[in-house]
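The same chain A turns up in both complexes below, where it pairs with chain B and then with chain C.
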Partner chain A sequence: MSHTIDVDGDLVTRVEGHGSIVVNVDEGELETCEWQVVESPRYFESMLVGRSFRESHHVTSRICAICSVSHTIASLQATEAAMGVSVSEQDRRLRKLALYGETLQSHVLHLGYLALPDLVGEKSVLPLAETHPDELETVIDLHRLGNELTEVVTGRSVHAQRLLPGGFSQLPEERELETLLDRLLNSWDAVAELADLLAVLADELPAFERETEYISLTHPEEYAFTEGTIYSSDVGEIPVSDYRDVANEYVVEHSTAKFARHERDSYMVGALARFNNNAEQLAPRAADIADRFGLDAPVHNPYLNNVAQLVEVAHLLAESVRLIEALLADGLAPQSNYHVPEIDPTAGRGIGAIEVPRGVLFHEYAYDDAGEVTEANCVIPTNQNHGNIQRDMETLVPTIVEQPEDDVKHTLEMLVRAYDPCISCSTHYLDVEFVGEVA
Partner chain B sequence: MSDASTPSDGDGRRPRDRPRVAFFDFTGCEGDQLQVINLEDRLLDLVEVVEVVSFREAMTDHSDDYEIAFVEGGVATGHDERRLTQIRKNADVVVALGSCAAFGGINALRNDQDFETVKERVYGEDADSITSYPTARPIGDVIAVDYEIPGCPIDREEFVQAVTALVNGAEPSIPNYPVCLECKFEENTCAFERGETCLGPITRGGCSATCVSAGTHCWGCRGMVDHPNEDAYTDVLEAQGLTTEEVIEEYQLYWGWQREQRTVADGGNRPVADDEQRPLGDGGDR
Partner chain C sequence: MTADRAIVALGNPYRRDDGIGPALVDRLRDRELPTVDCLDLGDAGFDLVHVVADYAAVVIVDAVDFGGDPGEVAVFDPADTTEITERRGTHATDPFELIELGGGLAETATTIRVVGVQPAETGYGDGLSPAVAQALPEASKTLTATVRSL
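Let's look at the complex of A and B:
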């Protein structure tokens, strides 16, 4: 039973379409299969040129609001590496806490606001207020908790202010950390409820597998987020200084967003890549959730990235508890409420590499001896995943072309959503349109 | 709120009791929509008074039938421009959400850089394949805008107040006093007294001096007050022996577009000739 499927995201006439799937099947033969991403260029790497080292992180925070703390921290690391600035153990812990808060917020936004409505057959999170009020309350509560973590540490959750080269302009008060600790310790029921909800979703996920190269950071002592070296499931550890060889960016004809490849045609970054590379370092509560979902590294089904995010939600909560307990046990070193870490600008080049919600993020800057940027390079996670989405589609589509077009469309949309492509860094609204006749 | 995401019934004119509201994002970081989501459970109160028909960060449904459009982000491509024109046709009220939409914001930081150099820095040998306008512009340069809610990101309370006003048929009001006034109420130590330069004296207030309160200084993210020379907090500037123009030049992060406007003689609207604003290639579309 051969038929023709033409899935076409028409970017010109579709008002929200910035990411499109184009699939052309003619008489059962796959003719075209493209993941098209058109980004609206913002030119941050050029904007940075000529800016002071005290502004770089402020500018790059605006690359993406959902990952604004992530970009800020990667930026600070690059600046500090370029100028040989060291950051205290306390401040490194606080930065980690801020990043955990943001990642929590981002994962819950994806799981709760985007995946959950699909699961219960709604088009948005809003109708859940009537149909699933308790579940929605759980989701909102966890989302708020992620934001609170970031707010307590950095002053606000979107485009944080307190993070500076060399440290913090201001520190949280210990009583704020104590309150936060209570909130975290009381959050485990909410995590269990979210896991119950997604347990239903997991059964609906397609049983599609395609092994690829998984790239993340890795660290000998912890499930890496803010520190570590690059790790490839194909070749093992790679120094951060070689990041350009890893995120080997290239331009494809059908997209303006850059694609990336390393050892193979494509690789995957994000929660599932981190899980595959570092699963043995998960907190026990997170490992329990992985067990419950049968997630056993290495996992080759990209749809399970959602489940890996849930596992990380538990890990981040547990690690945040551990970090706050350590900070309180040591006591916060007093400092001014308008602290400006002293830095003598020097010419140099530095790289920041951290794990952010959607995968590994690199910022690299060169400064002149006045402390002004002469060159900048930012490699964002979503662009590293584009090639992998493309290869997944090429493998998946031939196995499902005989299905009704609505099913093909749904399966492909779910695939892209599983990668949780960053809505502002690069790809936008997924738009799929059938224009051809289907038998 | 059971029909919060129900599309129009086809004729687009069914009886309604709540204004239909749509959110759109253009070239930007989407932080202003995130601030709306970050209202957390108050978002549910919001949808008691308005019907959200389009909000990409939080819903998969979309309808072109709405009265109020909140537009985030700036204009960088021909595609942006055409979408925006259509939104203006669909909406009774257009609100610019955030600084990129309202006055150019950080996107315009590249506006005084040579565009060929800008493209080459970011895309290298593939620069020729990139189509976008040579400068980033606020939405008000393309369509008529009814109200602006500035900020990077917007202040959540200011957004709630603006929605409340619109629902009640009133005009949202945005302050035209400088950040310094609020900074005094926050009892912050003045950044100038700490030896830093601060944009508070000429930046539009309404943020509770959030950045100074966080231990830094004002970066100007809410844009200039309406008339910097008259509306500025001159006490501070005079004490520091600074002029408005000197402070405007000190930081350029958010004011690329506004500075261009100020350089145009007699307060003209466009900083460059029309033909310079035409897209390269097909302007970002495919």
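Let's look at the complex of A and C:
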């Protein structure tokens, strides 16, 4: 039996990522089961070479429009580490706030726009405007909240312009932070409504489990996002300087994106990995949501990455409130608009490591004396998850292969989407091709 | 003066001609368009939903493969693009789906136009192709005229 579903094609050009699932079953025997990916940001690394340290973060911001602030901050960290540039506590808090905003909007986007249609049995989000209008309004309002957070701090919700090596070109005004604080404090009902909706639909998530290695950052004082050391659920803490030994990138024949492995033949990054490694540091309201869904670390069902994202939405909201209150209590140290920190470029090498919506992100640059990039390496979360998606599929398919073809397809697509592969960076569409016998 | 219209650039400047949208918006920032916000949304993000809900009229500018000659400019209403409608149904971020979603949630109807420029190259790299770079002045005029007509 052979069946091909082609969902490719867009008139308006986009940065195309392309992912395909190929399953080949012959007389009940699984012969081929591949997660095929075509795309990686390799070319951005090449484009960085020869550019000034003042523009590296603007270039890498364009790797992805959904996590542009993430790439910007990782890039700035790498540049600052290479040149020994320090960042003030105030600016570190503001960067954290910008990243929280982006992660909030990204999680809500994934839950509401990508995962929710799966759970209610729709092909896209459009029918939800008819069937779940109130819930959709909630999703869009929370997404807007994340954007507002990022925009107040960085000047734009996408491709931030105020972030620069050593700090910010312009700071938000305190009255903007106060408005934002009110907005955040008034958004808890929306988070509760999103949790209520997912609670009703959570039974639709397949009960599949496969233990793997979970890798994230960790920090002794907080649920790590912008600072910390690498943590593996298998071996514990690992210095950020050893990130290449963690993300042992390798090439497989069926993908132009690199795969990664560490202690086992694959590992997982993202919200569920962060939850598994750092759950005890969640804000109380986030921990309450985890309890409501029975999420108790370690969790080995990759489909529950969706629920871990919901838990993080609550955590990010709570932490954003705490950060803004701290900034307002201390008062913003003034600086002029279009401020440019004085930096004397020096030759050096630096690494940026942060947690972004889809997992831990590494940027490493080498600079020459003129402050121009001589070498760049970016390891994105989605590429680190490819191997784990592949191993999940190999374990899952034999257990569901007797199901109707459409059900197999749907379950596998949901698996891939549970990892929230970066729409812009890595996988844009899913083509599922059955080249063998499926029930 | 509060803006009631928006020009939205979609596209990636590091994918050659896909950067035509941001390039055109950069050219327009200093023009006299007092009730128009110029926004660069990069790759088609979910923000389109908010933009469609927030403005009375939105002009999207992007590289569009409509089968024309490289650099050729076309203005169209997304509601007329039946081919795209037929290709929907994935979970990809389809800008037209986002427009429809935002329009459905807006309190009043939003007028949408797309100013599309036929690309020659959309591979990795910065800088527009010669054919598309030459089309910048004409595309800029078309974009300005389109937003003023709404």
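Keep this in mind: the second predicted complex is superposed on the first by the 411 of 439 C-alpha atoms of A that agree within 3 Å, B and C clash if a C-alpha of one lies under 4 Å from a C-alpha of the other, contacts with A are read in each partner's own complex, and residues count from 1 in each chain.
By definition in this document, a contact is a pair of C-beta atoms (placed from the backbone, for glycine too) under 8 Å apart; a residue touches a chain by one contact, two chains touch by 3 or more.
Since this is a predicted model, take the numbers as computed values, not measurements.
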{"item": "Clash or fit (per the criteria above) of chain B with chain C on chain A", "value": "clash"}
{"item": "Touched partner set for A:339, first chain B, second chain C, both or neither", "value": "first"}
{"item": "Chain B versus chain C as contact partner of A:113, first or second or both or neither", "value": "both"}
{"item": "Touching partner for A:65 - first (chain B), second (chain C), both, neither", "value": "both"}
{"item": "Chain A: partner with more touched residues, chain B or chain C", "value": "B"}
{"item": "Touched partner set for A:158, first chain B, second chain C, both or neither", "value": "both"}
{"item": "First, second, both or neither for A:126, with chain B first and chain C second", "value": "both"}
{"item": "Contacts of A:55 with chain B and chain C, given as first, second, both or neither", "value": "first"}
{"item": "Touched partner set for A:47, first chain B, second chain C, both or neither", "value": "both"}
{"item": "Steric overlap of chain B with chain C in the superposed model, located at which of 99-107, 117-125, 189-197 or 243-251", "value": "99-107"}
{"item": "Contacts on chain A seen with chain B and repeated with chain C across the two complexes", "value": "11-12, 15, 43-44, 46-47, 59, 62, 64-66, 68, 109, 113-114, 117, 123-126, 129, 136-137, 140, 143-144, 147, 156-159, 423-424, 428-429"}
{"item": "Sites on chain C touched by chain A in the complex", "value": "10-15, 18, 40-47, 49-50, 53, 62-66, 81, 83-84, 87-97, 100-101, 104-105, 114, 116, 119, 122, 124-126"}
{"item": "Parts of chain B lying in touch with chain A, wherever the complex brings them together", "value": "1-2, 4-5, 24-32, 34-35, 37-38, 40-41, 43-44, 47, 52, 55-62, 64, 76-77, 79-80, 83, 86-87, 106-107, 109-110, 113, 117-119, 121-123, 126, 129-130, 132, 136, 152-153, 189, 191, 194, 196, 210-211, 213-216, 219, 253, 284-286"}
{"item": "Touching residues on chain A, where the partner in the complex is chain B", "value": "11-12, 15-16, 36, 38, 40-47, 49, 55, 58-59, 62-66, 68, 109, 113-114, 117-118, 122-127, 129-130, 136-137, 140, 143-144, 147, 154-159, 161-162, 164, 168-170, 251, 256, 336-340, 375, 423-424, 428-429"}
{"item": "In the complex with chain C, residue positions of chain A that touch it", "value": "7, 9-15, 43-44, 46-47, 59, 62, 64-66, 68, 105, 109, 113-114, 117, 123-126, 129, 136-137, 140, 143-144, 147, 156-159, 413, 417, 423-424, 428-430"}
